[in-house]
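First subunit A sits with subunit B, and in the next complex the same chain sits with subunit C.
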Partner chain A sequence: MIIRKAAVAKFLDGLLKEYAVYIPRRREGYSEYTPLDPGSGYFWQGLNTQKPPKELLFPHGETLYSYRLRSDGVELRTHFDEEKRVLFGIRPCDAKGFCYLDRVFTRQDYQDVYYQTRRNNTVLIGLACLAPTTTCFCTSLGGGPFDTEGLDLLWVDLGERYAVRVLAPKGEALIKGRPEFVPAGEADWQAVRELEGGALGKMAPVLDLSGLKKRLDENYSDSVWDRVFEKCIGCAACTYLCPTCHCFDLSYEVEGSQGLCVRTWDSCAFPLFTLHASGHNPRPTGKERFRQRVMHKFRYFVENWGVMSCVGCGRCIIHCPVNLDIRDVLRQIIAGVSA
Partner chain B sequence: MKNPYLPLPMRIEKITVETGDKSLKTFSLGFVREEDQRRFSFVPGQFAEVGIFGKGEAPFGIASSPMDTTRVEFTVYKVPGGTVTTALHEACVGYVVGMRGPYGNGFPLGAMQGCDILIIGGGFAFTTLRSLVNYMLHSDNRARFGRIQIIYGAREPGLLLYKEELAEWQQRNDLALTLTVDRCTPADGWTGCVGVVPKVLQEARPPAANTYTVVCGPPVMIRFTLPVLQELGFGPERILLSLEMKMKCGIGVCGRCNIGHKYVCKDGPVFSLAELSQLPSEY
Partner chain C sequence: MRQAARRLLEENTVNLVIGYAWGTLPLRTAPFFARTPAEADRLVYNSLCENNLVKYLLRYSKEKLGLVVKGCDARSLVVLLRENQVQRDRVHIIGVPCTGVIDRRKVMELVDGQEVTGAEVTVEGIVVRGEGFEKDIKTDEVLCVSCRGCKYGTPVLYDTLVGEEVRAREENFGDIRAFEALPPSEREAYFAQEMAKCIRCYACRNVCPLCYCTECFVDSSRPQWLSRRPATADNFFFHLGRAYHLAGRCVDCGACARACPVGVDLMKLNRKLIKDAKDLFGYEAGLDPGQPSLLSTFDPNDPERFILGG
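Then we have the complex of A and B:
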């Protein structure tokens, strides 16, 4: 399908009757997904946001239940976020990130009902990347600037118009019968293919990660781990900004005899993450913690779920305060010599 | 959809102070809601997250037998500075706590059936071993297991858990129980063995053939017990250990209790020595 850019604001305002619409926006040097207000007009900034849209399905902090102590016991109430949402302008790498969170939070044995409720109520409208940056490496991890995994619609910027690929029933339902959309012609799809070729041409050369898993299977005790973590200050920015990192903490917020059980993001980069009450810590130094991050993404996740839990979005590279580049780390590991 | 984060309300029905120094108490929890009692079942070796509302949750191995469906017991060590264990120790009979679970794999009862069982316990790690022993001793189950031999040690006599039950077990003719202490004074009136668990094991020389061994205790006991078992001919596939880790969710999602690609909460806490030897030594 095709939609003129001039008609997008009307389309989005129409969506607001049924959905909350989140779009990427920049403000004061900081970018994230924010809700679109009705009638505010459509102000498009094609953005690879600083914060990934992860928090819209898996919030930085959320209440799992509230409790109230009573003389005869306790009263528990659950809180589910059932807002119907459209995430508009999500990057293919971020959409792929949700597919990895899906694996963890919607397993056969346990369903994370909080995540699942949001996921079921969310429609993902992707925007193809026309200008990948130097930190992008999605193509090294099976993705691409026009990748469709996890998306319900993929929009491609054709200048004055967007070409819209319909990918899933949720996406189809969203635009069905909407007068803003007209069928695309063969020339439009030819333009999409040319843009995709152009975007791929701007990507940095693909990192060959084919031997990585095998190296990690063997190098747990390798001296490479004594070196690669040294710059890391353990700030955890990489894990907080990662679209696939899912570790969390559970704690209580208390007010008298009532309170909330809250879930907040946590990180393997923090020493307290694994510290036992006894004082023992199985990952006592930055070396073990850094190794855990790499091993989890590129070895353990592969063993449990068949894929590396990295989408190549590059946020951990851009925002690392000490310029630690995961691509360099992976190169060193692949080239490493066993101790 | 079942919500794995929502605790079952449980009422503290009985508190037993287990040790002379009062650092260990057994909490007997009853179900506040009848439907929870009907739905709850577990196997020995599984654990639950027990929590004080407003303070926090912590994982504890279930110490009661699954054959007793009316209550669930946990023996809790009051960790110096520990928020949850301190709050639990301050709680009184009648107080309502939260419980999520059961979690983890538990002991492989199917594989253990028809085998002799050797149980080696040290200190306050005896909790899930007690669950296992009481499960096997139940009249419905006893015939499914061969010879049961138990070696249980503590630093001193006052630190042995479940003293009344140990006395009952000693009267039985279908299990062999050896109690030992690292040290004792004449005032203790101790008439049992004196010596650390690995030494007692070495002297007892239990037969390895067709035997499953379950070892739970402090790291130092395990470190010196495993070579003795090896020397006695026990294979690593039939040596079972139960691991402890810091946990939050209990279902392999929150990310902190993994050893390699295995989550202790979901894939453990029971691992054979053979399984553990395949994993990184990060525990």
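Then we have the complex of A and C:
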């Protein structure tokens, strides 16, 4: 389908009858997904927002249940977020990130109803990346600037108009009968193919990660780990800005006879992450903690799900306070030497 | 720099030099750990050396270290010496006179957020390039707020000084004065906006040499002082708590603000406390290891304007 850019505001406003609509926004040098301003049609068209849209499906902090002690027992209430949402302008790497969260939170033997409720109520409208940056490396991890995995619709900027690829029933239902959309012609799809070729041409050369899993399997105690983490300061910038990191912690916020059970993101970079009640910490230094991050993404996740838990969005590269570049780390591990 | 580091390693004066090397991105250098003379040849120093390497000192208890410090970094080391966190004879201080550190975010603003794919440090500033643009930027246009009024560009403490001493800049708390002059509602709104951004990754705390508590108050679970959710009020609690812990200690190196992955304006809080320490008590932290700590000394003549009727 095709939609004129001038009609986008009307389309998005129309969605508000049924959905909360989230768009990428940049202000004061900071970018994240926030609710749409009705009537504006505004959304930021730069590449990856600083903060990924992960928190819209897997919030940084959420109440799972609340309780109140009464004379006759306990009153217990679960808290589900049932808002119907459209995430508009999401990039293919971030959509792929959701597919990895899906694997973890919707697996057969462990159904996370909080996540699933949000996921089922969310429609993802993607925006293809015409000009990938030098920190984008999605093509090294099976993705691409026009990748469709996880998306319900993919929009491609054709200048004055968007070409819209319908990818899933949820996406089809969203635009069905909407007068803003007209069928696309063969020339439009030809233009899309050319733009995709152009975008792929701008990607940095693919990192050869074929030997990585084997290296990680065989070199848990390799000396490369002694050096590769050394500049890491143990903050959670990389994990919290990662679209696929999903570790969490539960804590209780208690006030007298009532309280909340709260789930918050957690990070393997923190000493507290594995601190035992006894005081023992099986990952006592930055070396073990950094190794865990790499092992989880590129070894354990592969063993569990057959894919590496990285989409190549580049956020951890851009925002690391000490420029600890994951591409560089992977190269060093594969080569078996510290740079 | 390289010569000095190489000599220290060759003569076994130290077995590790912590300095800077070029990073993997334009506008970035990164902490670098040189253990051999050959590795020392990768060291660099320029206005993009934004990290405060003194933090790493706390991690190495056995090595005899060579440590590259800018003027402000040296002051944070002085505070650590004063607080008995570091033994002076274990570290060989390689001081570098600094004319100011470039704030990458200001550079990004000047190029309207376009991606910088190449950057070159020049005598007067920096040349940045991207697709379809090239811009020559003077260092003073993009200096970190902490550097604009830096009086101590030349380290106050060193064993080897690499380069010529630099002229002190004129003290400049213009940013804080302007902020103080705003009505309370505007100040509150500004902090609410900044605190809402915080993702509680604790990069600010973790890069700060003066944040060395064995257990940070935010990590305590018994009692749990604040919610682990990044709600604005809890974020503010964390940042206020940290700022107060740094009162009379913070040396205005600005490393925390540069480390923040989401650009929270941390220096409004820190620099206000630095200015207060100066205005109220005539105190500047980190100038001399023999100097008593501000908050552990009492002078009957201390002003008490903040006490009702005082």
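Keep this in mind: the second predicted complex is superposed on the first by the 328 of 339 C-alpha atoms of A that agree within 3 Å, B and C clash if a C-alpha of one lies under 4 Å from a C-alpha of the other, contacts with A are read in each partner's own complex, and residues count from 1 in each chain.
As a working rule, a contact is a pair of C-beta atoms (placed from the backbone, for glycine too) under 8 Å apart; a residue touches a chain by one contact, two chains touch by 3 or more.
Just so you know, these numbers come straight off a predicted model, no measurement behind them.
Applying the stated contact rule after C-alpha superposition, one finds that A:A173 touches neither subunit B nor subunit C.
Contacts of A:G73 after superposition on the shared chain: subunit B is touched, whereas subunit C is not.
Touch criterion not met for A:V206: it reaches neither subunit B nor subunit C.
Look at A:K51: by the touch rule set out above, it reaches subunit C but stays clear of subunit B. Look at A:A6: by the touch rule set out above, it reaches neither subunit B nor subunit C. By the touch criterion stated above, A:D249 is placed in contact with subunit B and with subunit C alike. Contacts of A:V182 after superposition: neither subunit B nor subunit C is touched. In the superposition on chain A, the residues of subunit A touched by subunit B in one structure and by subunit C in the other are 249, 251.
Only residues 26, 28-30, 46, 50-51, 60-61, 131, 133-135, 227, 230-231, 233-237, 239-241, 249, 251, 253, 262, 264, 267, 270, 272, 286, 317-325, 327-328 of subunit A touch subunit C when the two sit together in their complex.
Subunit A contributes residues 64-65, 67, 69, 73-74, 76, 78, 104-105, 109-114, 116, 220, 246-252, 254, 259, 261, 263, 266, 268, 273-278, 282-283, 288, 292, 295-296, 299-301, 303-304 to its touches with subunit B in the complex. Subunit C contributes residues 23-25, 28-33, 51, 55, 59, 105, 108-109, 113, 115, 117, 131, 193, 197, 199-203, 205-207, 219, 221, 224, 227-231, 258-263 to its touches with subunit A in the complex.
Interface of subunit B with subunit A (complex): residues 1-7, 9, 11, 32, 53-58, 79, 81-82, 85, 96, 98, 244-246, 248-249, 251-261, 266, 280, 282-283.
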